[in-house]
Structures are given as structure tokens and as C-alpha cells.
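What follows is a pair of complexes built around chain A, which joins chain B in one and chain C in the other.
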Partner chain A sequence: MSAQTAGPETLGHLSEEPPPVDPNSKQAKTITGKSPLRIAFGRLARDKIAVVCAAVVLFFVLVAVFAGAICSIFNVDTETVLATTRVDFLNNGLPLKGPPNHGFDPAHPFGVAPNTGNDNLAFWVYGCRTSLMIASIATLFASVLGVSLGLLAGFLGGPVDKIISFFTDFFLTVPFLLAALTIAPIVSQRFATSPHYARIQLIDLIVVLSVFGWMGIARLIRGEVLSLREREFIQAARVLGMPTRRILVKELLPNLVAPIVVSISLMLPAFVAAEAGLAFLGIGVTSGISWGQTINTASNFFEVYPLFLWEPLIGIVALVLALNLLGDAIRDALDPKTRR
Partner chain B sequence: MRRNKPLAVLAGAALFALAACGGSSDNPTSGSTKTFDPSATDIAKDPKRAAPAADIDGATAGGTITVYLPGDPGPDSLDPTEGWSVTGNSIQQALTSRSLTQYARDPESGDMVLVPDLATDLGTPNGDFTEWTFTIRDDAKWQDGSTITPEEVAWGITRSMDSDTFPGGPGTEYSQTYFKDAGKYKGPYTDKGKTWDGVSVNGQDITIKMAKPFPDMDYWGAFMAMGPSPLGKASDPPDYGQNIQSNGPYKVESFRPNEELTLVKNDQWDPKSDPARHQYADRWVFKFNQDTAKVDQIMLSDNTDSQTALSTGIGSNNYQRANTELGDRLFQQSAQCTSFLSPDYTKIKDIRVRKALAYAYPYQDMWLATGEVPGVTRVPANSIMPPGMAGKKEFFADGEQFKFDPEKSKELLKEAGYAPGDYKISMIYYEADPLAVAGQKQLVKGFQEAGFTVVNGGYPVQDSPYNIWLNPDDPLNKKLNLRGVNWCSDWPSGLTMLPPLTKTGAAYNTAQFSEPAIDQKMSDIPSMPLADQAAAWGALDEEIETKYFPIIPTAFRNDLFVFGSKIGNGVGDGALGAPDYKDLYVSQ
Partner chain C sequence: MFAYVVKRLIAGIVVVFMVSMAVFLLFWYGPNEPARPLCDQQTSNHCDTARLARYTENLGYNNPVLSEYGTFVKGIFVGRDMTIGTKTRPCPAPCFGYSYRTTVPVWGEMKTRLPATFSVAIGGASLYLLFGIPIGVAAARRRGTVADKALVSSFLVLSSIPYYLFALLTWLYLTVIFEIPFLSDTGYHPFTDNPAKWFSGLLLAWIVLGIFGCTQYTRYSRGAMIEALSEDYIRTAKAKGLPARTVVYKHGLRAALVPIVTIFGIDFGVLLAGTIFTERIFDIQGIGFWSLQAVTAKDLPVVEATALFSAVVLVVANLLVDVIYSVLDPRVRLS
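Entry: the complex of A and B
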């Protein structure tokens, strides 16, 4: 004899629905009128880790935005100086003043780089700007590309879906690092004589990062759209004769805010780390200022001048960690099914 | 011989930047005991040196020696005819490829001596040095056991005439200048079917005929290009370069260009047939293109692996530590090398501008930014010929040692009619190396202070700058008016410094310098009485530099080697500026 798998009794226990409340009670009044995003924001604000991480991210954003102002407050700059004016050529090219062999030097709060005499604070601040600028622009492009392709593939289906899915899979099979290692020198060679070389290199990096970064979000959105498009409200919109564009933007997109926000918040730290990693490998930003490049130089001096390595390292670790934890917290807040 | 190490990863800097250094290093020794060491004045000759070579005191057989070459890509091909780099020649000439003559290190003085190799003596010239005869010894063998015949040596020499097949080989400079029919006979692969009577074989004797007097043939004989190659198809390029027949104490077990070369004992090599080489270690492993920081740590750690290893360089950041901790195991080798800036003679025509460049170059700062050790691996240079070369004169092209002096530079520019910032310099730098980028920034800053403008701050390039500088058809090369070159002597004579760098059309004449009067003198000097030649080269050096100043010497160079604690007799080879591979052993 078979029993019912989910009887009314068991359903009651498994359900996530809150127990029914009297619509006129005080409790009911505070709940009503809150959008899902607002609820999520409330959850986020109560999450201590999320608040701390948001503060850290905000700090880095402020540093990046006001890089020039910060440098002028401390009276430092990124200009090349003749090395002998700041470093001691008799002593391994270590700085004449300040760490590691002397006390704190107020003229250069973070010290100066060995061999070249560049100011560490100015390079740190502008390195932060490079990192965040590249990561956020690449995230913007990658997510716009990914979301629109995902929406089209999922909603239109048929040959459009087939073609877009093919390209998604194709780009996923291309190894990112290998592609970046191949493309960067070609572009650098091509524009070697251009007066805008540094900017072209920056754009090249952003393009590479976004071209190889949109596939994840496109697949995610396509999957969500596939399940949403059979739902009643979409059917209703179609029956009403809404144009496809309007259905995509007004009906589907608002329902996809949660997955989009989550993947953006996790894409950002990935790009920060990728940018630093590429600079460390000697591709990416080689003509400008970048944390990854400073780390590459500093790793040779770790034993004699550890501070030089710690500064950009702490910058990257703190920023990536804060962005990642914040992203996790946002996902938890937006998705009621995951509870820690 | 060009120094290719700087070209690699570590120091594209090298070209401009390593080239850089110098400046006024008056007192380079606070805290360091080493100072720049000029190389020995002359290389003695010992035509009677007999095989076998005397044993090194305390040497023991067995073990594997690992050689780390930081930032050095090594040779692409092992073909003896192709070899013209310090790295490749020092390894092959010591271990795998024999030639007419060779160098042996005198254990007492540390000086190098030119001794016979495959020839029984150092050759017999006729009265005016237009014909040289070498007697080939009959007991030397290939790795397959067959005897090396005079015909095979003659074939090897004939191959060196082929500049088109071996464009990077030393034959392009020497065989194609001094041997008979130079310029007419293009070598056995390019001029297929033509016969060349420049080399003739008579019993065990081979006779080389010259187009003009060539008194340095015995030194040129120490190049592996002047050694045997298997006859016929067996030595066809380019395959032979990946799969050479060895005739030295070691043979090639495996060779991966730019990565690794493994040599094992060649049991057909007989010590009784060789006056200078030894066969102590069982194996040699050469690791090319190593990361400097990694190698420094390996060598400083003194673990079991590094005890039997050596490194051909050390990062400046670890120099002080190595100097205190390693003692004699940090070995400083002088070499006859000079680094240059080459202003294009056809574009920068005013000598005052070229002198202004010499004052605008921030020697000291470049040197720091590119990680050199001041006063040890680099010192200021005054002439094309490096210190220790016979005939070198202590002159100053502008009355005093060039040092970074922006005011003087601006003054000279003003005399030449240029306001500060007017004069534009187009140059390239090796962007793949952060040290080179840092050096370039210093250079741009220095030039800017001295009244020059560097277009775009220099054009970044992704591969060896030599690939651009040496290619006359390169569109980027055509834009440049400032290049560079690093050059080491092939033997201690001005003949191997001045013509390769300043003769019209010479491969490494990156300044495009051309003066018929100078060309004439360069071709005349080898015909002069032997005793006068050194002084004549020195005088020509002074004449070129004071009258035309076509290339700006920025530094004389030394090298540092690190030997593991179990490497016996860790010393350098002053003739080549490399570790003395012939005499190393693993102490048990």
C-alpha cells in the first residue's frame, strides 16, 4: 500500500512560508510595502561582516577616486626622479632615507622604492585607481554583454539560442591566460609607436578581460530566462501584445536583478585579481602604474625590504577579500533559500 | 662577440640600461670588498703545450655540475659555425667542440694562455701573414670513434665562409674579411658546386690562404667555427645545429633551445690528444633563461642541490649578502666588454649633439634602476677598446670623463643651435623586462633635464632590441636615431672591437658610422708590423672617438659568478668572460 509522499501535514513543516498572521496586527503592518530588494538590504545591514567589507570597499573606492588629492595632501607624486637623489648606490640601491634601514621619513610615508626611488605611497594610490578602474569597467562591459546575450538566447530560443550558446561554449573553451598572453604582445607591438600607447594598453586589457568574462553570466541569465518565460505573467504579457523588447526589459529584467547583482559583485574581485596577476606576469599594464607590477619588482627585495612588497600585497588582499565577502553576503541576502 | 645575456629576460636593460651605468664612481667600496677589475693585458701564447693537460690540484672525478644561467636564453643552435655569443662559445669550446687552437687557464696567475688544440702548434704563417699552415693531430676522435681528418677541419673552415646560411656567425666578420675570395665566394651552401681554394689539405697539413694579411689567425683558430664538421650531408644546416657530432670530452645527451642542455661523458675523447681540457664531472646540466631571484635563493641556500651548481649571475639586491656569506665562491670575472649608445651617424650629424648626448645620459641613475652593482660590474668608459686591451689609450673624447651633466649638455645643444627640448630622440626599449622599463624612465628623465626630448618616452618593443637594430628593413628601425650595442672582444686585439663596430656596413655598426678614411685605416693596420699594431688600434680608437665620436661608450663591464660549495676550482675564463668550464670539478 502506498502512502502520500507529501501530505498536508508534512507540507506544513517543510514550507518556508511564515505562519499566517492577522493582517491587522502590528507585525503585519511593518512587513507590508517592502520590496524584495529592500528586504535584502535590511538583511545586509544586519550582517556585520557585510558592513565591515562595505566600509573597506568604500575606503578603496575613495582612495581611487581622490588619488590626486591624496597625493597632494602628502606632497608626493608619481614623477620619475633621478635615482641617485633618493637611493644609495653604495648599499644595494636601498633608499637613503626611510625604511628599511632608517626611521620613518615624513616626506615619503610609505617609503621609496629601491633602485628607482619612486614614491611608494603615490604608486600605491594610483595602483589602487588602476585596479578599480580596470575591474569596474571590465565588469560593466562583461555584464552588459553577458546579460543581453543571455536574455536573447533564453527568450528567443531556436537558432538564436543555438548560435549564442555556441559562442558561449566556444569562448569558455579558449584558455583565458593563454589568450591574454598572446593578444597583449600583438597589440603592444602594433601600437608601439603611438603616442597614446599607455591608454591603448589599458583599453586592450579591459577588452581582453570583458571578452573572456561574459560567459558565466550569460549562461546563468539564459537558464533563469528559460524558466521564467513559461510563467503566467510572461504569457499574459505576450497575449496582451507587448513587444519583445518591452517584455525583456520591463518583465524579465526586474526578475533577474538578484542573480545579476550577485554575479557582478563576484566578478569585480575576480577582475581585480586578474589585473594584478597579468601585470605580475609582465603583460597588461606595463607602461603605467599597477599593484601587480610593484609586486613583481618587490618580490626580489622581500628579504631586504619586506615593506615594499607588503604594501601592494595588503592592498590587493584586502580589496579582493572585502569584495568577495561582500558579494557572498549580497547573495545570501538576496536569496532567501540559502541560510547560513 | 656580442653579449646576448642582457637581451634576454633580465636585462633588455642591458642594451641601453645595463649599457648604462658608469658615471663617476669615485669610491665604490663602502661595505663591499670588490672593485672593478680590468682584464689581463695580453694573452700569452704557448705553442709547445703538449697533451694531456696537467691535472688540477685536488681534482676528483664524478658528479653532476648544474649551471644556472639567469636571464640568459643561451644559443639557439649548437652548430660550431654559427656560435658567436659568450654563453654558447664558452660552453661548447670548453666541452664539446674542438678547434685549431684553444685557451688554457694558468692556475698560478689566473691568466689565459693560447695553446694548441686540434693543431699540433699555433700555426705557421708565411712572412706577410697571407698564408697560415696548421698540422692537424692524428689522434683526435669524433664521438662515434672515427678519427678527425684534416679534410673535416678544412670543411668546417669552408662552412664559415657562408654568411647567408650563418648570418649570426663570426665568419661573417673574419672569414669573409680576411680569407681568400672574401666577398666573392659565398660559401658551400649558397654557392653550391663552386670550388674554393682558400683551404688546401696536404697530408696532415691544412693551409689557409688570406685575401690580406691576417696576423691574428691563431686567435681566430680558437673559435669553434675554425674546427671540424662531418663531411657531406651529415653537417647540413640547420639540422646539424640541433644534433652535433661532439669531439670534446663531453657529448650532447639532450638539447632544448632556450631551456636546457645536458652533456654526458664522451668516452671516445682521449686526454692524451688534448692539451687543455679535463673530463672530471660525469654530467653537465645547463639551465637557460632562469629567474634571477630564484637562482639567487638556490645559490645562497647552500642545499644539496646547489652545492654542485653554479650560477652565471647574481641580482644586485643580493650582492651584499652574497659578498659577505659566500666569500671566494662569489667570483668576479673581468672581461673585455664595453657597452655603447649609438647615435645614428646619418641622422645626428653634429658632433656637438652626440657629445651632448654623452653628457645627458644619467649613468649612475640608469645603473641603479637596472640593478647593476656600481663600481663592480660597471665602471665609466672612455674608449671603444676595453681596459686591459693592448694599445688602449687613456684619452677623453671631450677632455674629461663623461658624466651626467645637464648644464654642459644644454650648452652644447645651444652651440649647435637647438633650444632645450627642441632636439628629438627616437629610441626603443625592451618592455618585457621591468628593469628595462625602469631604466628607460630614468633615461627619459635625464635626457629631458639635459635638453633633449625623447619621442613618446621611447618605443616599447616585445623582443630583443637587436632584432630591430640589426634589421635595416624594419620600419621601426628606420625611425630611430639612437640605438645601442654591447660588445666583447673576440680576442685581445683592437681588431675585434673597432672594425665590427665602426666599419662601414658591419653587422653590429648600429650607429651606421661610415668614413672612408677610417675604413682605409682599419684595413691597413693588419698589414703593419706586428709590434706596431696594438698601438695603431689604440691611436685609431682615439682618432675615431675624438674626431667623429660616433658611438658613446657608457660602461666597461665585469661579471659575477656564484659557485656552489662543492664545486672545485671555481674560477673564470678571462678570454671569454665566462666560468672556466674546462677546469671545474665536483669535490667529493
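Entry: the complex of A and C
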């Protein structure tokens, strides 16, 4: 899609790529036009690690989307009616059936949590939903904010660039963990009694993540725009009298697809990790279901009930690892020069 | 050079001023009853409307916001008197208010916690610099070999795992399950009391921080080194017959260190501002853990003070980085 607007240098560079299809087949002989994104996608599809990671990510996305259905298939629920029917309070609140001491319990495939008697599978599935939902919404907001500020700063230059760059540097100096830590008590003080506290906490988390997550992409886009705006096709558009907004959206944006896709794919795992980390510290999702929160509870029971900790831990590690490696593969596919 | 430093200094002061203003306003307008946590604490949860009104008045929440900000700033420089409960107490020079939870001046408690955070930060950072840069340089010199590829991909996987999970698992296995004798007693013991205990309490935190930082610094220094080694002057140095060691360390590493210094300065600032996860997991009573406990207890002055403290530390770190950078790379200050 950006081939039409890209300069001649880009096209020349792309034509140096070896043909992706087998040279012996007949199809290889016919030359077809391919957009840079399709070339990149082809490279990605041949990268085994990327395919495996994409499958893992897809699995988690499906779990998150169909959380309710999965729970009803296994006949489990996030609600616990009577904890005493599931856990033994005389024995440190450990479960009566299932892991860690009583083998496998088909009613609760992942076991139940000590003390509260909550079903681990239901909490795992809904924890996955919380994690992916917060991370993807925050990524969306952060990248929209970052891309638009980066575009404006790079293209307009002058005082606009100065102001935006100042704020970029300013927000970069504030570590987001500290910001989340500072805002958490205020939100809990103000809204703790509100009936929508869980939802307010989610919104607060998304706002903090996006407000402290846009700077990297803004910087990157600004740098790209600075070099792109001197190119012939932008000058041509200006000479033709195209309005600034149209130049930004129709001419510049399509040329920035690669850096945007790369930033987004690396932002997502960072936000998944951050969400769980905050919940682990007790300043993120505290009145909902989150993997980080389960890990925090489970680390106290690790000696007697390691499975309880391993379940959410494997969830986070697998999701973050797969997203990170996939992001890395996407970067390599979009920009072959950085290949290791 | 002098003009550049002054310019950066002024910018730094502006940022500190902005952050202090932002934090103050956040804590002024954020909570709907800012005096409530103190009132609850002081009256053991028998805080009625009259008492709350008195606490609100005593803490200055009825005065105009700007004059209270003035009092707050003045208190930081010259100290002031504060009325907590029924008594008026002095709050000496860097006055950040009284902790709601323990009713001692915030700065006094912060001073006792600074050594713990600094010990963790300095130990961890020196470990990852000491290992990260040489490993990165070695990998860059052997670029493309099997060893290099194995190292890069294993470090990529390791650094993709969230830090706190890595730290938590290490702590759980080494101290709870296996109870390794020298490592398992994690926590902070003042160096002056018992240096051996200080060392053994922090060792595990250092190692974990070191390993994790090492993966990142290896990547940075490998990248910077590859770039530096592909420069023309390296070829010239090789061509005139300099020994490989001189070429790599004197001509290559010196150029490669410039970006690493920048990243390290900011990273180290973040560490000094509070290693929250490390302190929480290894039970080290530093700034990070303290602010976390304050958040749970709604101890607003402590949260406010730690936020300000970390902002100042980060601004100073940034300033130092800029100055060092301008010494290492004169092009920066001339542009």
C-alpha cells in the first residue's frame, strides 16, 4: 500500500530482495508486484519462531475472548458460594480435593485456591482476559497519542516541535511504575466506596499505561518524519497545494506503517508485563481478577502448593515471551537490514 | 562548556519545579478527603465530621492552594511547624510533612531508608556493567559465530521474561525451597553494624539485578561495538598494524561507550529512585518498599515525598548524563 507513495530508493532497495518462491516452479518466472508489507508478511510466514509465537498469542487471544464459554465447558465459575466445602481451614486453608495433596479433581482441573476456594481455571481464564484487554486498549491509546504527536512534531517543526519534544523528554524522565504508585492511593481514596470501583481501577490503569507509554513511538515517528518530509513526494504534495492534514494522513502515514507496527508489537508485551507487575505489587487491579494478583497470593503458599503459583506465572511468561519474540520477528521482517 | 552546563541546569530546575507543582496539585485535588487517612489513624477509626474538619483545617486544606504550595516549598528549604492531632510539632529543614502512619517527619525516616536503596542500586549496577560490557564486546568481536548467536538468542529470551517473575522465582527457590545457607537471609542490615550480614543479605538481590541488567547491557554494548568496529578509522588502525587488543579497546570501545553511558545514567537514576520490585521481593527496607507500604496505608505525605525524591534523582541523573555526554562527544554541546 505504501509502494505508490514511496520514493524510488525504496523500490530499488526492495527489488534487490531474492525472490521468495522456489526458483524451479513456474510461478517464479512470472513477475508480480508485491507491496512491502506483503513481502514482509511472506518473510514472517517463513520464520518458524514467528509462526510458533503467533500461534501461542492466538491461543491466549482465543482464551481471553471466549473466557465465559471456556468456563462453562469445564463447568467452573469465578464465584465461590461456600469456601468451607472446598478448602480445609484446619490445614492452612489448603484444598480438600485436587492438588496439591489429593491428586486430580475433575470438577476443578487447575485446582482451587487456598483459603478462598476460588477455582483456579476460571481465575486463569479471566486473568488472561484482564491482561490482554488492558494491554491492548492501552497500546491503542498510547500509539494513537504517540503517532499523532510524533507526526506533528516532525512535520511542523519550530515551536510545536520544541514543546512536544520537551514533553516527550519530560515524560521519559518519570518512570511509569512510580507514576502508577503515586496515583494509586489517590484513586483508591477517592473512589474506594464507589460501586464502579473495579471499572474505575481498570480505566485508571489504562490511562496511566497510555500516558506513560507514548514517548518511545512519538520519538521514533518524529525522527522518521524529519527525514521523510524533505523527500520529493512530500515537496510535490506541498507544491500541489495539498492541505497539511492530507499530507500527514495520506502521504506520511502510509510510509510510517513499518515503525508503527514494530512499536505496537513491542508495546503490547511491555503492557502485559506491567499490568501483572502492578497487580503483583497490589497497586494495579486489586478488586478484579488478574494474574499478577494471583501470583502475589500464591507466593505465600509456594512451599506447599507450587502449582497455584506456576499457573498464572506460566501464563504471563508464555504470553510476554511469545509477544516479544513475535515483535522481534516482525521487526526483522519489516527491516531486513537489522537482521542479526 | 560552562554555558552548556548552565543551560542544562536551568532546564533541570524548571523540570523539578514542574514536577513538584504537579505532585502537589495531584495530592491537593486528587483525594476527596485528604485529611481522612490521618484522622482515621489518629482517632483509631473514630473519625467523625467535627474531627475531620479539625484535621482538614490543621493540615491547611482550607487555605488557598497556591499559598499552601508556598508553605510547602518554604518548609522544604527552611522547615516549618505542623499541627498533627492536638500537638504542634516542629518539622526541620527538608520538611516533607509528617508520616500519617508513624507520625515522624518524613525526611527523618527517608534518611534511614536511603542506604538500603543505594546499596541495592550500586551493587546491582556495578555487577551488570562489570559483566554486561565485556560480554557484549566479546560477542561483537565474534559476531556471527555459533557462540555469539547462542548468547544473543538466550539473552533475548531471558530479557523477555518480566523482571519481577525472574526475581520472585529465584527468591522462592533459593531461599524458601532450598534454603541456601549464605543467601537465604535476604534483607537490609546496616553496613556499619555488620558488614558480613549486609553483604549476605543483599547478595541475592545484586545477583538477580545483575543477571537481568547484564542481558540488556550485553545487547546494547554488542550493538554499539558492532557499529564502532565497522567504522573506517578501525580499518585504518588495523591497517597500520596496531595489535588487535588496542584496536578493540582503545579505538572501538571508547566510541562504543558513549551511548552506553547515556543509557546507564538514566537506568541508574531509576534504580536510585527506588528499586520497588527488588525491595518488595527480597524484603529490603528501602525507598521503594517504603513507598509501596505507604500506598497501601494511604500515607499520602510519604507517597508525595518519595515521588518528589525520585523526580529530583532522575533530573540530576539526566543532567549528569548530558554533561558527561558533552565531554565524551563534543558535537553535542556545539550544536
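The criterion applied here is as follows: the second predicted complex is superposed on the first by the 306 of 340 C-alpha atoms of A that agree within 3 Å, B and C clash if a C-alpha of one lies under 4 Å from a C-alpha of the other, contacts with A are read in each partner's own complex, and residues count from 1 in each chain.
Criterion: contacts are C-beta pairs under 8 Å (C-beta built on N, C-alpha and C of every residue); 3 or more make two chains touch, one makes a residue touch a chain.
All figures in this text were calculated on a predicted structure; none of them were measured in a lab.
With both complexes brought onto chain A, simultaneous placement of chain B and chain C is prevented by a clash. Touch criterion met: A:P114 reaches chain B, while chain C stays clear of it.
By the touch criterion defined above, A:S35 lies against neither chain B nor chain C after alignment on the C-alpha atoms of chain A. Touch criterion met: A:F89 reaches chain B, while chain C stays clear of it. Contacts of A:G282 after superposition on the shared chain: both chain B and chain C are touched.
Contact with chain B, but none with chain C, is seen for A:Y197 once the two complexes are overlaid on the shared chain. In the superposition on chain A, A:S227 makes contact with neither chain B nor chain C. Touch criterion met: A:S188 reaches chain B and chain C at once.
Applying the stated contact rule after C-alpha superposition, one finds that A:S299 touches each of chain B and chain C.
In the superposition on chain A, contact of A:D328 is made with chain C only, not with chain B.
Once both structures are laid onto chain A, the chain B stretch out of 469-477, 487-495, 523-531 or 559-567 that overlaps chain C is 469-477. When the two complexes are superposed on chain A, the residues of chain A that touch both chain B and chain C are 185, 188-189, 282, 299, 303. Contact residues on chain A toward chain C in their complex (touch as defined above): 170, 173-175, 177-178, 181-190, 269, 273, 276-277, 280-283, 295, 299, 302-303, 309, 313, 316-317, 320-321, 324-325, 328, 340. Residues of chain A that touch chain B in their complex: 80-84, 87, 89-93, 114-117, 185, 188-189, 192-195, 197, 282, 286-287, 293, 296-297, 299-301, 303-304.
Interface residues of chain B facing chain A in the complex, by the touch rule stated above, are 25, 28, 30-32, 292-293, 315-321, 362, 364-371, 374, 404, 428, 431-434, 437-438, 441-442, 444-446, 449, 456, 459-462, 476, 479.
In the complex of the two chains, the chain C residues touching chain A come out as 15, 18-19, 23, 26-27, 30-34, 36-37, 149, 152, 156-157, 160-162, 164-165, 168-169, 172, 176-177, 266, 270, 273-274, 276-277, 280, 291-292, 294-296, 298, 300, 303-304, 306-307, 310-311, 314-315, 318.
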